[in-house]
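After this come two complexes, each holding chain A, first together with chain B and then together with chain C.
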Partner chain A sequence: MFAYVIRRLVYGAVTLLALSMVVFWLLQKTGASPLDRLKLNPRIQPDYLASLTERYGLDKSGPEQYWIWLKRFVTPREASIGGLPSILAISAGVAYSVLASRFIKSRQFAVRIAKIGAGVLIWGFVLFTVWNRMNIVLDWGDSFRGDGPVFEDITLAAGASFRLGMTALFLAVMIGIPLGIYQATKQYSFFDQLGTTFSFVAFSTPIFIIGVFLQLGLGLYLERWTGVKLFYVAGMTSSSYESFTTLQRAGDILQHLALPAISIAAISLAGYSRFQRASMLEVLHSDYLRTAKAKGLPRRRVILKHALRNAMIPIVTLISLDIASIIGGAIITESIFGWPGVGRLYIDAINAVDYPAIMAVVMAIGAGIVVMNIVADILYGVLDPRVRYE
Partner chain B sequence: MTEPLLSVKDLRTYFSTEEGIVRAVDGISFDLMPGERLGVVGESGSGKSVTAMSIMRLVEPPAGEIVTGTVTYHGRNLLAITEDEMRAVRGGQIAMIFQDPMTSLNPVYTVGDQLIETIMLHQDVNKRDARNVAAQALSDVQIPNAADRLDDYPHQFSGGMRQRVMIAMGLSCNPEVLIADEPTTALDVTTQAQIMDLMLRLAADRGTAVILITHDLGVVAGFCDNVQVMYAGGIVERGSNDDIFYRPQHPYTWGLLGSMTRLDEEQQVRLHSIRGAPPSVIDLPDGCRFRPRCDFATDRCAQELPLLRKIEGRGEVACHHAEELDLEITRAVGAAG
Partner chain C sequence: MEEFEGMAVEPVTQWQLFSTRLRRHRLAMVSGVILLLIGLIALAAPLFTCPNNEPECGRLLPHPTDQLAEPDGRLATTIAPRGDYPFGTDEVGRDVLSRVVHGGRASLIVGVVTGLMVAIMGSIVGAFAGYYPGAIDQGLMRFTDLILGLPLLPVAIVVGRLLPELTFVPEFMTSGPWGIAILLGSLLWGGLARIVRAEFLSLREKEFVEAARAAGANDRRIIFRHILPNAMSPIIVQTTLIVGAAIIIEAALSFLGFGVRPPTPTWGGMAAAGAGIAPRGLWWELAFSASALIITVLSVNFLGDGLRDALDPTQTIERK
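Let's turn to the complex of A and B:
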């Protein structure tokens, strides 16, 4: 398993390299220049434009520009992993992983869970140790718009997108999956039909409609009619956030988070419930479920033990890939709710033809997908004993 | 005369489909004696599997419904008791083995886990004892290194081995009745023989009564005491092994026997004819259900549904002309053989 993860990471790095080449090449082929807007401004002197052209390396050939970007991208500004304790911790992690995958061969579920659980704990400890000691400042190149290294922009934006995306995903998964399971077990009942109707309506409504209606209903009219301001319709925090107590801050965050999160969750929930319903129905009609019933197991056990785990296998992949897509931000939702996430950063970067910023977003999304694919495959192996990674 | 162990009376199981109501099982009655080995033969769609599923009460509403009938087992009507009471019977006293061993075991749990679960459900044992029982059950079905293989997953077993696991699971709680629904259909021929031998021996050792559902007459000939032939949801002929194989009385049985060497071809033709006229309440043909395909049909066959009746010195048959057809069938079978 350890060797498998390392191998997948290497493949992932190669994939990202290829991705960066293709996207960089495409960007240059668009013919758009970061200086286009400045050129339209008659007050800007040609020699200033020339100096910018030189500074951004726009006078160099495409491959050269790519090479300069790549060097900047992979070189951290500062890098130290924190001396002996970190090295010891990493060695311990590697040692466990190598030894465990070499000597613990049992395929029993409990043993595998224990093995993987111990691995997660140990690597968690390693990360904790290293995180506190290391000093790695990534750079990823300077933004053409002059706001410093894009890595800082993207961390801030990714944090915002993550807060929104994870909340929405959490809601969607926690509601959509049980809903799908319940619908499948009561196929064609009134509740099932109701759920199906809801799903189709939610799934086919564009998010800007849902978002705007939520802003109007729960944001505007609720306050107008009741006088209580429950939800904010824009931004991540109030302007006076810094002066709040911890409790007030938590409340403020939730008040801002609620509407955009619900908008995304409503659509994504509809998808999850449909997918879970289909996956569960397939399992419910399987031969091994008939066997489980013929053994005399109670219906609850049949569903929660024998059906659920099989039905969850495809869902796990779906969730993992959804997490990956969160890193790319929710472009439309972030625009509607003034959410300073990656989606907005991306749009701004594209409008300004800001190569380093565009590349940063692309690479962040790419890395997210690569990593979450590996996570999905590992989870797949945990849930399904027929899959093994050697 | 001993009391029957399991007594099915006028069982009717219908399925609602888009085209109408399918009378999968339409008024069948039979008894199963303790330790008896009863073969149920018939082509696909004749209602043999649905009979088994109905006895186990595994026919799922809303699509399928047991309309009438009783299944008497130890003085109780299995169709009338509560679901909880039924669960104790299922797997504990009446166990079932299914057709396709490749898909009948849950792929994500170990074989041991699935066996132990069954044992703990029906017997008052702790997990450690249940594991021992499970290991014994696996070694009874001649799986080598039984105790170690408990920790293996179904995909680590071959098809024949998986069917052994299914048999072990079925017999692990010492049921009085074992219903085997085409247990060897999905296996290759040499494995079939081994599995049938094994099941025969284990059932005989324990005195378990077996209902063997199959379309393979060869399997029935080697395994069963008595045979009943099903056609379109009803029993058309019933008798001892000798009755059925040497003195068949129903034209359908005769057809089956005559077509043994080209069973597949014959089956496709008949399956199609059943599908072509889906039996719904409205257009269910009067009289004998086999009539449209019978060479000996008369006007009486078109008007009156023949009931199962005992023929002196032979088995029971549902045919108006059993006595008259006697010679012809014997000659025809002689010619075919």
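Let's turn to the complex of A and C:
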């Protein structure tokens, strides 16, 4: 297990390295120097250009420039994980994981869930502690658009993206999975057919169309026709947010969050419900479930206890793999709804061909996706005792 | 007809089984017909719409007799759907109907080219990885893992943005759908390669492969004539899924402005333009381009669903 995690991490690092090389190489091959765009701006001084040339080694060959970039990219300017409390927390997390995987061998469902739950809690606490105390500043360069250090932009935007992504994920899971279960228990009913049709249509609809239609329908025209402003169509908070009371703030956030979150959630939700329905049907038609029914257990108990547990295993992987598509969907949704997240940062950087920003954001997004893929594989193994890592 | 214990038996071929099953899947058949129609219309588009006005495409309103005066006296270039412009005109007065028809060409090219590339590359990589264990398998699969690990949309966006400026890219690929199609084709084949490899791993051990080898067939013949035809079902189904995904991604790229560049009409680009004018009540460009896109992708996915049901040999023909 441990070796497996390490191997996956190494592959992940190689993937990210390849990603950075591809994007860097593409940026080199555009036929224009990174500074050509800056030179068009009359307000930029020649000595600034010279300092940039020196800093990024722009007069050197491509591979050398890449090497300079890579060194700067991974070398932190300031780094501390926050002293003793963080170290203690991390050691506690590692100790729990090692002890739990070594000594808690029971394959009983309740024990597994308790083990995983405790692990999640402990590691959540560890991450919280470290996050609050650590201070890592990476030197990812300054934006060519004059927005200052890219690293700061990304850490700021990451919070906004996290808020949007988590809400979308929550919506998709909370609606999609019960929907799939209900559809499976009522197979071929009208509701089931309706659900299947809905998920098929949602699955075949590009996310930008969902976003635009929500924005126009629920955001703009709802207000225009009824006079009630339920949702905002752009931004994360109102301009007068600072003067609001706590309750008003919560409402304001929800009003801004609703539409982009729904548009990201809709497609994932469709996928989850379809998948959960299929996986539930498979379990419902299995022999052990027939046995459970034959024993005379109440239907509710059969479904909730015997069927659901096993039907939930594949969906966990699907959800963690889907994080990648939520991140991807967020890029498009954020640019539609003007959400100040990483996705919009990326689109802005790309529109301006802002070299340091493009490299930094693409690496940040890539890292998020790679890490989530690894988490998906590990979770799958933890939940399904049939999976063995070798 | 063959004789079997005195009875006339009609042998049923794989193909007959498949087409019987597919024909029972009514939705898939309807989708297939719709796709065929969309394809034909897109192919024939240059014949009956705006042959003189390319590349803008969409005949411009003859100025000014055809234009309607708005209440404030301005001449309207954007007119609502009416008899001679069934889908209305866009912001600069181009016929939305002919642009929607032409927009299908980009989606069609991306769907077909990406699908073909994925089918060919995925099959070949998967076949070799599955047939030759050891170094070839390891090498090819690590490469596949690498491609699968790349974040698809961010990479597609940055390549799409830089495509017109890349010096080593041939001219025809820089702004049209071809570049996007080839880009998506080279990013999306990983999943299929994994599936084909898994099929080969199990088929390679089957008796018919041994028989072929005993009969003196070489590796190439065994791979392409004996095993690959038996792995066709997952290849076809997965390729159909990829075609739908590719059309969606192309539309998303064009929507963001990083895909097929204007003035070439695409459904994604028209949706973006339509979304810009929709708040003023000019709904038609968005509505028609979005509908075209959804109907196409929906048809592809329904067809894929039908193909999956029809190609699955473990499935018995029964209807609930």
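In this section, the second predicted complex is superposed on the first by the 280 of 390 C-alpha atoms of A that agree within 3 Å, B and C clash if a C-alpha of one lies under 4 Å from a C-alpha of the other, contacts with A are read in each partner's own complex, and residues count from 1 in each chain.
The criterion applied here is as follows: contacts are C-beta pairs under 8 Å (C-beta built on N, C-alpha and C of every residue); 3 or more make two chains touch, one makes a residue touch a chain.
Keep in mind that this is a model prediction, so the values were computed, not measured.
Undergrad: After superposition on the shared chain, which partner residues are touched by A:Tyr188: those of chain B (first), chain C (second), both, or neither?
TA: Both partners.
Undergrad: After superposing on the shared chain, does chain C or chain B touch more chain A residues?
TA: Touching more residues of chain A than the other partner does is C.
Undergrad: Quick check on the superposed pair: does A:Ala157 touch chain B, chain C, both, or neither? Answer first, second, both or neither.
TA: It touches nothing on chain B or chain C.
Undergrad: Determine, under the contact definition given at the top, whether A:Ile365 touches first (chain B), second (chain C), both, or neither.
TA: The answer is second: A:Ile365 touches chain C but not chain B.
Undergrad: Please work out whether A:Ala100 is in contact with chain B alone, chain C alone, both, or neither, and reply first, second, both or neither.
TA: neither
Undergrad: For A:Ile319, is the partner it touches chain B (first), chain C (second), both, or none of the two (neither)?
TA: neither
Undergrad: Taking the superposition as given, does A:Thr30 touch the first partner, chain B, the second, chain C, both, or neither?
TA: Once the two structures are laid over each other on A, A:Thr30 reaches chain C alone.
Undergrad: From the superposed pair, tell me which chain A residues show up as contacts to chain B and also as contacts to chain C.
TA: Dual-contact residues (chain A): 188.
Undergrad: Could you list, by residue number, the parts of chain C that touch chain A in their complex?
TA: Interface residues on chain C, with respect to chain A: 145-146, 149-155, 157-159, 161-162, 165-168, 244, 248, 251-252, 255-258, 268, 271-272, 275, 278-279, 286, 290, 293-294, 297-298, 300-302, 320.
Undergrad: In the complex of these two chains, what residues of chain A are touching chain B?
TA: Touch list, chain A to chain B: 106-109, 188, 286-288, 290-298, 306, 309-310, 313, 383-386.
Undergrad: Quick check: in the complex, which residue numbers of chain A touch chain C?
TA: 11-12, 14-15, 18-19, 22-23, 26-27, 29-32, 188, 200-201, 203-209, 212-213, 215-216, 220, 324, 327-328, 331-332, 335, 346-347, 350-351, 353, 358, 361-362, 365-366, 369-370, 373
Undergrad: Which positions of chain B touch chain A when the two form their complex?
TA: Chain B residues touching chain A: 56, 58, 62, 87-92, 95-96, 98, 100, 103-110, 113, 117-118, 121-122, 151-153, 155, 166, 169.
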